[in-house]
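Please go over the structures that come below.
Here come two complexes built around subunit A, the first alongside subunit B, the second alongside subunit C.
For the complex of A and B:
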């Protein structure tokens, strides 16, 4: 019974390993890569929202920091892309800590408001600082490479992203079932109970928020390098909402739910493209229906129906 | 030196003086009961001593050192544990995990080691699971070792909170109405459980309405009424006290 969460990991690895051999063309390969990238972001966000019970409505802002760090630093300062990626992650983590530190001393969920504001500010900054960021038109990103080897082509990108995803799933499963993870879930379940057993609630919320921001920034950099171009849209408010929706649809506090949510919502706009102009409406309707009929999210609802906890 | 010294403790919520000028000492190793009518300030007193509320006036000392106004997490480090009158069980976790959380301060809480599943952490977790299961058996929850917390009945959750508190290996344990809402046979079991806990060397402070249990268990009793100390002493002394009789029976003394 105890080993069961890791069985899913093997299935995920098996699917990731087989997928490139069954995908018919580069369109699907590209879709799979974007699904995997989103899945990693959503995993980090679900640790924050689902497990720790803290909502971030500005996570796309952190993606933006990573993406633009990978664009601006190598272009204007000649920094190595990997260093730029690290610098972006450090900046995202620092910013997250600065914003959240005072908030977590307050009672109640103010993080949603603060991150909402932060995301919007970052988005505006990226649009307006055209001399550095190219403004609304965006800017190209240099290739990602190390010691003469350069990542290019769908295949290479796929294996890199797939490995990142597999490691992220493994690390998330580990974290949830550890003293740190239990403390996190406990403060979500009952903050006062967590405090009286000695959990420094503010510190734990801060740690997981910073971690999810760093994750988002790193994946922002990866996305930017993969696409080769970045626009302020990456840090858009609607992108933040899309990420939260992936968490909620897949299932809060469910590792595999994060994957399903990311896969479905990445595929959905493609599937809805035939509705021409109505896709946002259909998208909204699907979200509403799933909230009404699957309020806990897909994976937890289905798992409960089939009598197993995930 | 007493383990806990409370002197002239008061807290005001706006104009409401929930606890007023209450003083008492608790010696190590005793079972100490706090009784009084509903709204007398018993739970508020617990919240003050365990750091959930900050006192308006007065002092609380543990081992002679002031702890008034310290956070609950700081008090947990000093060996103060508690349960709650209105249950505070983490319903998003299993019963066993709830107990495991009690051991929080005794564990390696490193995030990175946890994410990478260091062998030392994994090994400690296996031991911890066994420890937590042992505590669940100790409080009489052997049937719930594999249960989710949100699938357990009220009486079992009350005892789950006690198991979680014991996982802290406390020196001073505050039990807020451990027998409330329990049937007579469950109450007897909790009575015996509190006795076993006290015998293991933990100083127990208990709020309880079941007078038989209080008189049977307690070495000393504090009586509160309208936030003030009405009486304090052994069970026999408190029972004879005319003020206590008046407060409980509503007679005009």
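For the complex of A and C:
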């Protein structure tokens, strides 16, 4: 039982290592990179939503902070892209820490409202401050590099992102089995009971919120550098919803569920492109159907069916 | 000065009335099922778009409006029967995703059916503005306020004097107890979806002559209605109406005096500030958590 989560980790690493040799062309390579990026974001978000039980409907806002830090700071202030990435993460973490205390006194739908509001305000600010952000049209992003070496081409990006993903899976697995992870699960179960047994509820909520915000901001920067361009769409309400959907469809509080959710929902729009004009309808219907028939998400439902804990 | 202030005031309460109707919709469904219906905004959109559609296809305006209320109400009932009833007691996040899925389906169908253009509905009684102390008031604004007031009044009467209304209130207080005294709580759920969809559609029809309508107007209107419902304290009917008017007013004043570019952000800044200091909104009940 103790060793079982790491079997999964080995499988993930094996798949990641073999994938570039199997993928037929750069279209699939690009898809794989975007899946891996989303998977890292979703892992962070699942720690917050699935394990700690705190919903966030504004997470794309933090992604936006990272993406725009990587765009604005090098362009307007000549900052090195890596420093800009760090600054974005610091800003996202700081903002998360600042709002965490008042926000996490809220529960359920009130918390949903507050995080949703936060995301929308960030998105509107990005749209309006056109002098800095290029407004609704967005702005280009300089290349990411260090000491003369510049990241470019699908292959290089793939290995960077795959390494990030492997480390994130390993870190998440360790985290949930640590005292920190147990405290999170305790406060998900019952906040009052967790407090009674000595869990500093407010501090843990703050820590996990800041952590997932920093995760999101870093990956926002990575996405932006990879695509080479950023628009306010990265931070909009619908993107936040997409991320939450990845968490829930894969399976709340399931590390491997996060991966499956990210993979499926990143691929879905591609698969739906053939429906010409009906994409939104089909996408919505799939969301509804999967929640109605698999309310606990894919991985936990399947794991329960086959009688094994994942 | 005064004229300008009055102008903002008029546009504020007019839009606020739509938010109030949307907020009432959120409140009704929340009380019956603890679900936040993220498809609420799509009912507003459907109301406006269907009214345009039926009016253009030759129906007299009142008939077009009636149909534009009844069809969304039917859609609301359909959502409840197909997607909400089967998953009773699911986690908040799952329910949020289901209703968001429903909103995507409705918005997608509207985009396919009506196209992605913008449409306008003729004003109910002419476009000649009324001059009030230097500010102009559109006759349509009076329609919006009057009909909204009538709808709220009718709802108040329904909840206080009819058996079905009282059954809904009882279910909101305690579903288990309501079931035990023989109230058909599934019927209540059915009715609350029909009512709140109809209410949202009514708001959408009333505001359509003033603001134009398109397949995607529901998102922002719905979210602001949600802000209004939370502002008033989720589950509080009077709070929803007051919250709606307040959100509309503050948005209009903020857009007028502070920044029109940040108009859409104002309701969300407002709700964050309110929630920081009053975690259950203005009129929300205090709850104690049982372990």
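As a convention for this text, the second predicted complex is superposed on the first by the 304 of 310 C-alpha atoms of A that agree within 3 Å, B and C clash if a C-alpha of one lies under 4 Å from a C-alpha of the other, contacts with A are read in each partner's own complex, and residues count from 1 in each chain.
In this text, a residue touches a chain if its C-beta (ideal position, glycine included) is under 8 Å from a C-beta of that chain, and two chains touch if they have at least 3 such contacts.
All figures in this text were calculated on a predicted structure; none of them were measured in a lab.
Engineer: Is the arrangement of subunit B and subunit C around the shared subunit A a clash or a fit after superposition?
Structural biologist: After superposition on subunit A, subunit B vs subunit C: fit, no clash.
Engineer: Which of the two partners, first being subunit B and second being subunit C, lies in contact with A:199: first, second, both, or neither?
Structural biologist: first
Engineer: Angle at subunit A, subunit B to subunit C, CA centres, as a multiple of 10°?
Structural biologist: 80
Engineer: Using the touch definition from the top, say if A:269 reaches subunit B (first), subunit C (second), both or neither.
Structural biologist: It touches nothing on subunit B or subunit C.
Engineer: Could you tell me if A:55 is touching subunit B, subunit C, both of them or neither one (first, second, both, neither)?
Structural biologist: second
Engineer: Answer with first, second, both or neither: which of subunit B and subunit C does A:190 touch in the superposed model?
Structural biologist: both
Engineer: Answer with first, second, both or neither: which of subunit B and subunit C does A:136 touch in the superposed model?
Structural biologist: In the superposition, A:136 contacts neither subunit B nor subunit C.
Engineer: According to the stated criteria, A:180 is in contact with first (subunit B), second (subunit C), both, or neither; which is it?
Structural biologist: Touch status of A:180: first partner only.
Engineer: Taking the superposition as given, does A:279 touch the first partner, subunit B, the second, subunit C, both, or neither?
Structural biologist: In the superposition, A:279 contacts subunit C only.
Engineer: In the overlay, answer first, second, both or neither for which of subunit B and subunit C A:253 touches.
Structural biologist: Once the two structures are laid over each other on A, A:253 reaches subunit B alone.
Engineer: Which of the two partners, first being subunit B and second being subunit C, lies in contact with A:228: first, second, both, or neither?
Structural biologist: Neither partner.
Engineer: Looking only at contacts as defined up top, I'd like to know whether subunit B or subunit C touches more of subunit A.
Structural biologist: More residues of subunit A are touched by C.
Engineer: Shortest C-alpha to C-alpha distance from subunit B to subunit C once the two structures are superposed, in angstrom?
Structural biologist: 6 Å.
Engineer: Hey, what residues of subunit A end up touching subunit B and subunit C alike?
Structural biologist: Common to the two interfaces on subunit A: residues 190, 192-193, 196.
Engineer: List the residues on subunit B that touch subunit A in their complex, please.
Structural biologist: Touch residues, subunit B against subunit A: 50-52, 71-73, 75-77, 80-82, 84, 88-93, 97-98, 100-102, 104-105, 107-111, 114-117, 121, 125, 146, 148, 164-165, 167-168.
Engineer: Going by the contact rule at the top, pick out the subunit A residues touching subunit B in the complex.
Structural biologist: Listed in rising order, the residues are 1, 170-172, 174-175, 177-183, 185-186, 188-190, 192-201, 207, 211, 253, 309.
Engineer: List the residues on subunit C that touch subunit A in their complex, please.
Structural biologist: So the residues of subunit C touching subunit A come out as 30, 36, 83, 86-87, 90-94, 96-98, 100-109, 111-112, 219, 223, 226-227, 230, 234, 261-262, 264-265, 268-269, 271-272, 275-276, 279-281, 289, 291.
Engineer: Give every residue of subunit A touching subunit C within the complex, in rising order.
Structural biologist: 49, 55, 57, 99, 102-103, 105-106, 108-110, 112-114, 116-118, 120-121, 124-125, 128, 190-193, 196, 237, 241, 244-245, 247-248, 252, 277-288, 291-292, 295
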